[in-house]
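Right after this note come the structures.
You will see two complexes here that share chain A, one where it goes with chain B and one where it goes with chain C.
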Partner chain A sequence: MILLGELALWIALPVGVWGAVAGFVGGRKERGDLVLSAEYSVYAVFFLLILPSAGIITAFVTDSFEYWYVANYSNRELPTFYKVAGLWAGQRGSLVFWALLLSFFSAAAVFTNRTKNREFMPYAVGVLLTISSFFLVVLLFADVNPFERLPFAPADGRGLNPQLQNYWMTIHPPTLYLGFTSFTIPFAFAMSALLSGKLDARWIVITRRWILLSWFFLANGIIFGMRWAYEMLGWGGFWFWDPVENASLLPWLTATAFLHSIQIQENRGMLKVWNMGLVTLTFLLTIFATFLTRSGLIESVHTFAENTTIAFIFLTFMGVMAGLSALLIAWRYPLLKSENQIDSFVSREGAFLFNNLILLGAAGSILWGTLFPLISEYFTGQAMAVGPPFFNRVNLPIGLALLALMGIGPVIGWRRASRRNLVKNFLMPVIVGTLVVGALFLRGVDHGMALLTFGLSAFVMTIIIVEFVKGTKARAHIEGEGHLVALYHLVSRNRRRWGGYIVHVGVVMIFTAFAGVAFNREVVQTIDPGETITIESPFGHEYALTYQGLSSPRGENMVRQAVALMTVERSGRPVEPLTAEKVLYVKWEGSPLTIVGINSYLLEDLYLILENVNDLGGAFENDAAAQRATFTVQVNVFVGWIWYGGFVLTLGGIIAMWPSRGLTRTVSRPKTKTGGKQPALAARG
Partner chain B sequence: MVGVTLVVAGVILFVMLPVLRGDWAALESPDDDVTDVDARKQAALRGLRDAEYDFLTGKLDQADYQLLKSDLSREALEAMEEEVSAGPAEDEGFSKDGVTRSAKRSSPDGDGLEAEIARVRKGMAEGRTCTECGHLNVKKSRFCTGCGERLGEVATLAGSPDSV
Partner chain C sequence: MRENGKFFVGLGGVALVVTYLIWTGISETMVYYMTPIELMARVEADPTFHQVGVKVSGRVVRGSWTRADDELLHRFSVVDLEDESVRFPVEFRDMLPDTFNDTENVDVVVEGRFREDGVFEATIVLAKCGSRYEATAEELLG
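Here is the complex of A and B:
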């Protein structure tokens, strides 16, 4: 199996290259046989990439340490669960995984379009296989072959980085990769539209669901990563503006902009060049995300760089793709001219345009901050990193502006809005937002930015609720339906719109959670067993955590484990006890890993970190005298709303993506064979 | 080694089969879910639906709504006329309510959009849809209640579905 997987990589490359060439030539020369061969190549590459993926997993599960990749990312005691996830634990495997997902989505796109949108397929397949071939070239020629053998087989491997030994490891990276790779499909169709000159609204209609799907996976991948960081890293937070975190956020921001701006093209025939630019930029940013992780050019907790050769290969690829896309857009510029002009900036398209500019502004500032160490090193010879204060300062006003636009956009009609209507529609939400700010201020909340966030959140939520209520009433009135039935039909008849509103609710919840950070409380204390740490919540509860002592059980794959137990009282009533841990894993004898304890409530989390044990060695030996420890106890306000908001966002995304009845129809069109060539092509046959 | 040889042979055969046998993939799909005309029609009809919703929920006032509806109706009608003049597809025809089967098939938003198509087309057939503002008037209207335009010529201009 392993050998077959290794050889399959070598077979996949010529098949991918052949398919790419056949796609482009078939499209140019209108050769249906070449196009069909190209499409079969997509299926073949997918099949061939299953083999190395299965080969890598087999190598991990069977402890085949003669392979460099397995020897460096696994060990005998590593649970099977993590051995399977070893496929994406390191650079080499994750490149195979990326190529596998890309080939899977490519095969899905070819299969779902086997009887429709045929005009776009030759070039789309050409682009998809070119990108797949690029990844295969990297795998085979950039010194990152996952099947590279060591001169001898070590008795055991180095083990998996302890930070990756968490169940989120099996969820977060694959979800992000699904988002990154699936965005290649809209990009391929966009390039196909440019190459074929079919630049009407079709390519957007065809790829709309792909864009949503990619956005959906990226959003969930980012939220899963936040949860992982919150549980695992023990830094007491969920987002650190780490370069690779930023790299995952960048394509999400531009994809969000794109999701809004395509509506302007669909409804008004405007922003065609802009949309082409955005789809290209988003695709390039997905490649940038993997480039940053692999290049080693910027320090990050996520990086698994092995050599910088790969950085230059990726940079060259991104440069070529950006240049070709720009040339294609310039070539087709006459076909991309707007059919209309914006009538008034006080309109939905105006709001979407501002939304786009703000999202791109956010992406630009984050990109600048992320690359600043490289830029500063280039000009001054010294790498200077900008930290969270820079990102927070720049992105806070941007985020608030976006929040405001989330409320404003849906209430303004297309083309223009009269002052009377604006007043009518905004009066109640503005009053509610102001009342919320006033009420919170009177209750002693005096943090300006947090107040503004809560006020804007209330404003947006009011608008969304009013939208649902008015829409349901209007439908109930027109159709004579009951209100629940009317609500169901309202959403199901225009899922994209109402699903989008539900996504906005999720985003508002997440913004509210971000604002909650301003009210977090923290106590750091060194104590002995029997002593108590107290901390007051901003909501008036008092938590009392009584230290019961350290114990040292030994779990699977762990050398040492020191678990501190705290009994907890919330305003005098006993609640779930908390544990916090220091863990040393087999093969990773460096700094012990911190695992936090969390008690979650609707409005806040009680968060316990075992910062330090005075005599950790003694604690690991269950020494009764080595129990003194330093704890950080935090009350994290609204943090749970990030996860609740994530659920709501997921629900909205699913509603928006759910196929309408009209689109589930498939045309049964028999494949044209030699005897049944299309009339236009028969003469060539 | 035998397995590898089999995989290589199988893949080459699979990929090259269309070229060897002369099997051709379709390079056009006239009965696509989405054609250019379809896409424009859908966009216009979706715009109509949204405009109506925005008007009913108070986001658009009467004047803006009529103006918007007029533009969108014209776009939708032009797309539908273009679709009809392009000739019916092999299984295309008109149902009793005047909605093309292809329109029914390609509707992306289900019944709502179909109803819009039916409404516009039926109004067109009966001379009730104003070509100036797109307003759908009650039967036997002589003047548009939306903009005051005379409606008599509409049926002649647009034609009736049955006559196409």
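Here is the complex of A and C:
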């Protein structure tokens, strides 16, 4: 199995290269046989790439430590669960996994388009296989072959870093990878549209579900990562503006911009060049994310081993892709002329454009800040760095502007919003938002940014609720349906719109949660058993945590644990006790892991960290004298709303993506032949 | 066309605001990012540099980490990655990340101020995640 996997890697490369060539040539010469051959190559590469992944997993599960990769990331005692996850635990395996996902999505795209959109397929397949082949070349020739053998077979492996031995390890990286790789499909279709000159909105209609899918995976991957950081790292936070975190946020930001700007192209035939640029940029940023994790160019807690060969190859690849896309766009520029002009910036187009600009601004600031050490060193010879203060400072106002636009965009009229449209849609939400700010201020909330966030959140929520109520009522009235039935039909008739609203609700919840950070409280104290730490939450709950002592349960022999137990009273009533631990993996030298204890309530989390045990060695041996310890107790306000918001966002995303039966409103507007100068008269469809 | 013109003014305005945010954000929050060697050379040449916030990347000296009882005070030494002779003590009054230790070669980035008494007072300590350490063949044999 393992050998077969290695062999398959070698066979997949020529198949991929052949398919890419056949796709391009077949498209150019309109040779159906070549195109078919290219499509079969996509399937073949996918099936071939199952083997290396299966081979790696087999090697892990059978403890084949003669393989360098397995010896480095596994050991005999590692639970099978994590042995399977070994596929993406290190750089080499994760590149194979990446290639597998990419080939899977490529095959899915070919399969779903086997009888339609045929004119796009040759070049799309060519692009997809070119990218797959690139990853295969990297795997085989860049000194990262996962099947590299050691000159001997060690008795046992080094084991998986205990920090990664967490169930999120099996969820967070694959979800992000799914998001990164699936964005290749829209990119391939965009390039195909450029190459074939079919530059109406069809490539967007074909790929918009893919765009949503990729966006959806990225959003979830990022939220899972936040959750992991919150639960696991014991730093009482969920986002650190670490370069690799930033790298995963960048394509999400540009994909969000793209999701909105394509609606302008679909409805008004504008922004064609912009959309081509955005799809290319997002694709490049997904590659950039892998590049940053692997290059070691920027200091990050996530980096894999430094491998400058890989860094160089990826950089070259990104450069070539960027250059080629730019050339294609320049070549097709005459065909990408806008069919309409902006009439007014008090319009939906205007709101969406501002949204795009702001999202790109956020992405730009994050990219700039992340690369700032390199940039400043290059230009001045002295490296300078920026950290969380910079990112927060810039992105807070940007986030607030986005929040406001999230309310305005979906309901403002197209082309030029009338005064009536504005008053009708925004008067009540503005009043509600203002009332919320006023009420909170009177109750003593005096944090300006937080107040603004809460006010804007109320504004957006009111708009969305009004939309739902209006839509449901109208439908119930016209069709004579009950309200629930009407709501169901309303949503299922235009899933993208109503799913989008639900996604917005999720995002509002997440933004509100971010603002909660301003009200977090923290106490650090060193105590003996029997002593109590008290902390008051901003909502007036008084928490009293009484230290019951440390114990060291007899676990597996490779693990030493010191578990601190705290009984908890919330406003005088006993609630769930909390435990916080230090866990030492004996095989893995270094410090013990810190495992936090969390009690979650609707509006706040009680968060306990065992910072330090004065005599940790003694505590591991259950020494009754070694009990004195330092704790940090935090009340984290609204943090749960990030995860609730994540659920809502997921729900909305699924509704928006759900395949619709029967009547689909495909928007393939006939191209109006405007000489470019004709005023915006194009009829609204 | 008049509206179009207005529109581009609006867009340009947004672009300017974002640029302004980035510009002021960078200039008001950036810190020097140096190696221990560069830091030593800099404070020697310019004693006022003791007051300046810096970020220094180096490696934790093995066995140098001590911790005060009853309070969060960590002391350890950081050495230059290239020149073993350049090192300085660090004080840190917060919780260290789990990736930090002084038994392996751990790379750290410390942010803070290099005091006149020769001690680096860190406000942030980042240690690199263990997943980056891949063993060589010899280490695996051992």
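Note that the second predicted complex is superposed on the first by the 648 of 685 C-alpha atoms of A that agree within 3 Å, B and C clash if a C-alpha of one lies under 4 Å from a C-alpha of the other, contacts with A are read in each partner's own complex, and residues count from 1 in each chain.
The working rule: contacts are C-beta pairs under 8 Å (C-beta built on N, C-alpha and C of every residue); 3 or more make two chains touch, one makes a residue touch a chain.
Not measured: the values here are computed from a predicted model.
Asks: Mind checking chain B and chain C on superposed chain A, clash or fit?
Replies: By the criteria stated at the top, chain C and chain B fit after superposition, with no clash.
Asks: Just to be sure I read the superposition right, which of the two partners does A:Gly387 touch: chain B = first, chain C = second, or both, or neither?
Replies: Second partner only, chain C.
Asks: Under the stated touch criterion, which partner chain does A:Ile398 make contact with: chain B (first), chain C (second), both, or neither?
Replies: After superposition on chain A, A:Ile398 lies in contact with chain C alone.
Asks: Between chain B (first) and chain C (second), which, if any, makes contact with A:Gly448: first, second, both or neither?
Replies: It touches nothing on chain B or chain C.
Asks: Who does A:Pro553 touch here: chain B (first), chain C (second), both, or neither?
Replies: neither
Asks: Looking at chain B versus chain C in the superposed three-chain picture, what is their shortest Cα distance in Å?
Replies: 17
Asks: Taking the contacts chain A makes with chain B in one complex and with chain C in the other, which residues are shared?
Replies: Correct list for chain A: 416.
Asks: Using the touch definition from the top, list the residues of chain C that touch chain A in their complex.
Replies: 3-4, 6-7, 10-11, 14-15, 18, 21-22, 25-26, 28-34, 55, 57, 67, 69-72, 95-101, 103-104, 106-107, 109, 111, 124, 126-135, 137, 140-141
Asks: Quick check on the complex: what are the chain A residues that touch chain C?
Replies: Interface residues on chain A, with respect to chain C: 65, 68, 71-72, 89-90, 150-152, 154, 157-158, 161, 163-164, 233-235, 296, 299-306, 341-345, 350, 353-354, 357-358, 361, 364-365, 368-369, 372-373, 376-377, 382-387, 389-390, 393-394, 397-398, 416, 524, 526, 588-594, 609, 611-612, 614, 628, 630, 632.
Asks: Along chain A, where are the residues that touch chain B in the complex?
Replies: Residues 3-4, 7-8, 11, 15, 18-19, 26-27, 30, 32-37, 39-41, 43-44, 47-48, 51, 115-119, 121-122, 198, 200-202, 205-206, 266-267, 411-418, 420-421, 424-425, 467, 470-471, 474, 478, 492-494, 497, 660-663, 665, 667, 669, 671-674, 677-678, 680-681, 685.
Asks: Using the touch definition up top, name the residues of chain B that touch chain A in the complex.
Replies: 3-4, 7-8, 11, 14-19, 21-29, 31-36, 39-40, 42-43, 46-47, 49-51, 53-54, 56-61, 63-64, 67-68, 105-114
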